[in-house]
């Protein structure tokens, strides 16, 4: 309920122009059956992603590297309606390390006997490991960040240090788990430099929940994360936004950095009132722009 | 993490006999594409349900009616490993009314601009209303219970009294929303007798989260609910279990009811020690069995 | 942080056109001293209310009575940017009774020895009782609702049944205390019909916090309440809005009631799809308007 | 309700000797009007402070410096009835740095449209910035500690690094915000050495709540803070007490330090039982006093 | 930490006059061994109760009946330093029913294999049922209230309706369980009139924690309950105090009832100011005393 | 309720073969009286420990030292049904330091006047200090870990730095307090290297609760700790298990360390799939076993 308020204006009015009035007893088209082998696709099927896939560009390693130094407050100001797509409350295994990459998402559900049977069948047919962290240790790509919906603070563990080393060896940049992990001491080892794991809790138990969707939309904290989203953050909080916003963010960041440096210098000069500098008064704005030429 | 502990023994040992040792760089089959129209199937595609569908029988109205009077504690004792598939912490619009039916599930995600666009596209193509409660008001069947994953206590509203009356008019038995609702006063009206709505909170806001899967697996509290599950409970708590367990539950309930009546009578007789009656000592068990012939 | 998001667009851009650039070391005007007797004014001084007083009209008993039957969801839709000025989480002494009236506000602070001394001095000079509930039992007007900022769930008690009867005898309509009360059993007595007390908790302790402002702005839950605000709600939640909005709310309510009755009738007719009725399709909207002439 | 228990004995009996019995329908003096310009006094008017101002002495920088090394537990023992005027649960931007100074208080309220209008009017008339952190960046004095009531964990942000540098440049010693802040990374920079910000949470949003009282009594956690109070603490907890207690605290601290050093030495000697040393037995007390001559 | 503040003055100064200074390496007396059969005493051994037993009188059924109608706020005022021995936060099976009686206490601990073995040994040797609720169903006396320390909101279930009927049939007045229970629906049945069960939560699980002390001191909420304490309360809160205070409480209640009736009459007369009536001014106090002769 | 689920199977079936059917009105043996001096035994009497004492061996310093380096996850896998005897949520005074030792337990109860009197009587008769931390500072043995049940997050303080130094000087290894402590800054001093104190909170208050059992069973978090249990953990969590399990744990740890080193090496070789290495495929298991000869 909380963070979505700002979206109200944008969304509610969108309307649905094509709906014509119809009868109470409607006849609907029958469901289209799934083709053979479809159920063991490596990327789980999502109707939402089927619609959105076309509008989501690939981003480069260079772009991700540039993002690594942009303050979160600058990103906040640059991503428009996605600025509420922000999640807090994580602990990290690497204090002070920024996590940047592309979301490789996983959705987990609590175990029950029939769900376990089904997950075993799919794993056998699809030639993957039922443990989704083990799948990531075999399938993740460089620059990926594993993003796992796992029940939050009331949830379950994703993995321990052995699973983490497997994922890191594939070139992934880290993990955001809305749930727990084990082997905290192991994951704080220098071996894991550059591979922060943001998590809700740690405990020594093994994983029981079951991965049911791989690279499909998930809920992390109170926001939606789509596969391929840009992930950027640290233990203070994490933003998730669509890849087409990455370039505008980088441009905005360059401009902001220059202006804030100018403002800081003005503050230290103690010549003008605070309110004339932050934000810049028209006169100081002009002076700033002169310095930028 | 909590309730699943009992399942450990059952699950962990299941093993995976067919995995043979393979190379680090594996070649995987390419994904099978979705056929035309597939993305607007009325029942959202779930690989899990694709596997399980065959083993889930239809249950009759008569069976559901019988279940209505079985105490939750008796169900607890009769459903084996599903006895942890139980969720508490709901408020109800109809105190004291039991909710019984088949799960019609919905999964919601927090809004973001691209998700809204995609949901609009799918609604237009599939001829449904983007608001999933409105879909249920057009598509629900008699005996259905709407079961909505909607963010829990930190989530959003499902509907208000207008949506609820729409769903009730289709013959549905009620709603379990792991999230909120509005129009509490309206939903307490006699018009809604026999249609309890179990919910986490009420507030006057309109719905913003988006339905992304319809009749696919969802998480409610700390358990998994599958479409077609038997739903039974009240504000004290709700059980969700597979339809093939309904018949055994009803048989067990009949036997338990008789035994507890016998035990109560023995207690009031004040002839034997409490521990001889609850549970029945061998002698009293024999006596009980005589009364049952 | 939560509920105010919607206000962002409205507020942030307001700007402050008269600020010209100034020097770091500013010279400010000296403070204007308070005149004799000023500190014991019955209405505590608030610079904010000094500005706003002129724009806040008196409302009549008839208007308040009409508001008594308007559903909270209708008020939500009618009060624009104040629809987030809504507070939940209260218990009530009169379940099912609606509370409506004008806010008589009180701000309390935790006790410390110097604060106690000062409160005693002011009470003696001002001829009031240091206990603010006792002040209300001597000064409240018909139609008033006492609205007390008292620390929320971590706060303190406002009063017990004796204070409540004193306030009720003055014609007040009830109390909203963001804090606690004692004598729950007494306050549930029929004597208190028509005088609901919405509160966060009950316990048997006597009051220790000190009233420091009387009829000045207060914080209740996550919103601001100004003296003279319209108060309307029940244990499900309470709205607080400025008195100039009362007339528009009543007009909107009349229109909505008619439309919802029409929609309900259409739903029960089972002639059209849910989405054609809620909201009304253009055709049904025309038909509705015909019925209203 | 919690921390004030100890005060009960001190407060409740204070009585109010001058109240004579009076009639139900009392005639009260009319309110004294506020003089022109009064509403934009830089220090907001508080009747409580009007009474107390005379008894609150100025403290020197030297006194504050001495306080910097006194353990919190010693302060606890030295401030009598103020020992419950203690607040915990803050995070800090400067782990291990002690915060000491004089309280410059600010009270914030959640935004609503009329409140925004009023705050804008006052800021324009009073020649200050509506953002209270910007006011502090123009008006704070050396040794000040900004103490902001801002809704606690459910509240809002006070400022970011630009506001903080503005306040620090005026010589202030730090900030206690019962609410949030942004730019955590920036505020952990060495630039901010000697300027800890104690806060409840961090997030990237900009400030929306409105400052309504400047240098008037506020509530922080469960205690009252008055402008000019001595502030001393760190992330473990903060004490707030009146300036006239500072000298007695420093004297008590000197004595305690000597005694605890003596006790520690005795413990390490392993000659006497623990209970003879802590507290000192009469014999050891005499020995200690000899060492102090 | 919370409720005990008031006790500070009473307790801390008590001193310990007999301690003489002693050497670091003390020689202590060896432990006295437990006699045969001692470990299966029906009342578990407590050194604290060994000291206190002599000062705890028996109370009569008549006294308990009189207490049934005394408001909790009156008890609060009459029990001196025990007024903080008050616990809130319970749900009840019998809304509005007062629970009054003598504490029959039970302490439970979470299960672990060795603890289970030991509890089985003791139950076998002592001829009782390992389930402590079953013990109470065989050993409770008329007027008893079972008071069970069972982990609070994070704890476990005490019993279900069968155990409750067993305890009720022995004449017990009800139960306070700082933990959970099952069979809520059953316990709301009319069969249980006059037998309220105050509890923290309900759920359908069976009991796993183990009773380890029977009729020994326990912790309920944040207070200590001793076996034989007077228990009085309802879902609003429960007081526990020593039996020697019962008579003074009843005397104080009689006086208070008369005075409050007089005050209420005075308030309704609308002749005097609220503060002259509550508390009574000297003149009205005299008038009241005249009415009491 | 939570962690004990796994124990269900083990416990519930244990049965109680000796119970024969008996009459409602049973005659019980009278209680065996406590011998003189019994109530001031240094180890408080517990019927449970009376049964279990024989099966609890002494462990050596060498064994405890070896345990210091075993990862918690390995201990988890090695202690069978005790793997749920694990408690999280502590803060530590020595981040990164492992705490290992034998439990010296203490049970505290909230103060009330009669309890204070009794505790004073027992302390005087037994020649100990009523403050149990002071008892530990006179009676603890090398390798002990003080484990105090003190109300958890809602509880009270155990001690401050002076009490801690007293306990450390006796050779104890540290403290686990399910409650609070004071003097955080002091306890972080290098003086306390090798003496971590795991605690729930810190605050400056002195202790008010009373020690009522010394070296008897206690509840820490949601588990039972018996005197003499092995304690091992850090701020991430703490295991408590019976001393007879220590040797099997050490053996299991040695084997696991070797296997994980082998697995890590295999992962880094990037020759096989993750799932073939973790767990080891039959082929790799054979290879591993060859390396171990």
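Order of writing sets the labels: A, B, C, D, E and F. Residues in every chain begin at 1.
What we mean here is this: a contact is a pair of C-beta atoms (placed from the backbone, for glycine too) under 8 Å apart; a residue touches a chain by one contact, two chains touch by 3 or more.
Just so you know, these numbers come straight off a predicted model, no measurement behind them.
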Give the fewest steps needed to get from chain C to chain E, where each step moves from one chain to a chain it touches. 1
Could you find the chain whose CA centre sits the greatest distance from that of chain F? C
Return the chain whose centre of C-alpha atoms lies at maximal distance from the corresponding centre of chain D. B
Is it true that over half of the residue numbers where chain B touches chain C are used by both copies, so same, or is it different? different
So how far apart, in whole Å, are chain C and chain F when each is placed at the average of its C-alpha atoms? 52
What is the distance in Å between the mean C-alpha positions of chain A and chain B? 30
Indicate the whole-number Å distance between the mean C-alpha point of chain A and the mean C-alpha point of chain D. 40
So chain C residues touching two or more other chains come to 2-3, 5, 8, 19, 26, 129, 138, 203, 205, 270, 273, 275
Dump the list of chain pairs that touch, please. A-B, A-C, A-D, A-F, B-C, B-E, B-F, C-D, C-E, D-E, D-F, E-F
Along chain D, where are the residues that touch chain A in the complex? 129, 134, 137-138, 160, 162-163, 165-166, 169, 182-186, 201-205
What residues of chain E sit close enough to touch chain C in their complex? 71-73, 75-76, 83, 86, 88, 234, 236-237, 260, 263-264, 267-268, 270, 273-275, 278
For the complex, give me every residue of chain D touching chain C. 1-4, 7-8, 10-12, 14, 16, 18-19, 26, 28-29, 31-32, 34-48, 50-52, 55, 81-82, 85, 109-124, 127, 129-130, 138-139, 151, 154-157, 180, 203, 205-206, 208-209, 212, 217, 219, 222-224, 226, 242
Of chain E, residues touching chain D in the complex: 2-3, 5-6, 8-9, 19, 21-24, 26, 84, 270-273, 275-276, 281, 283-284
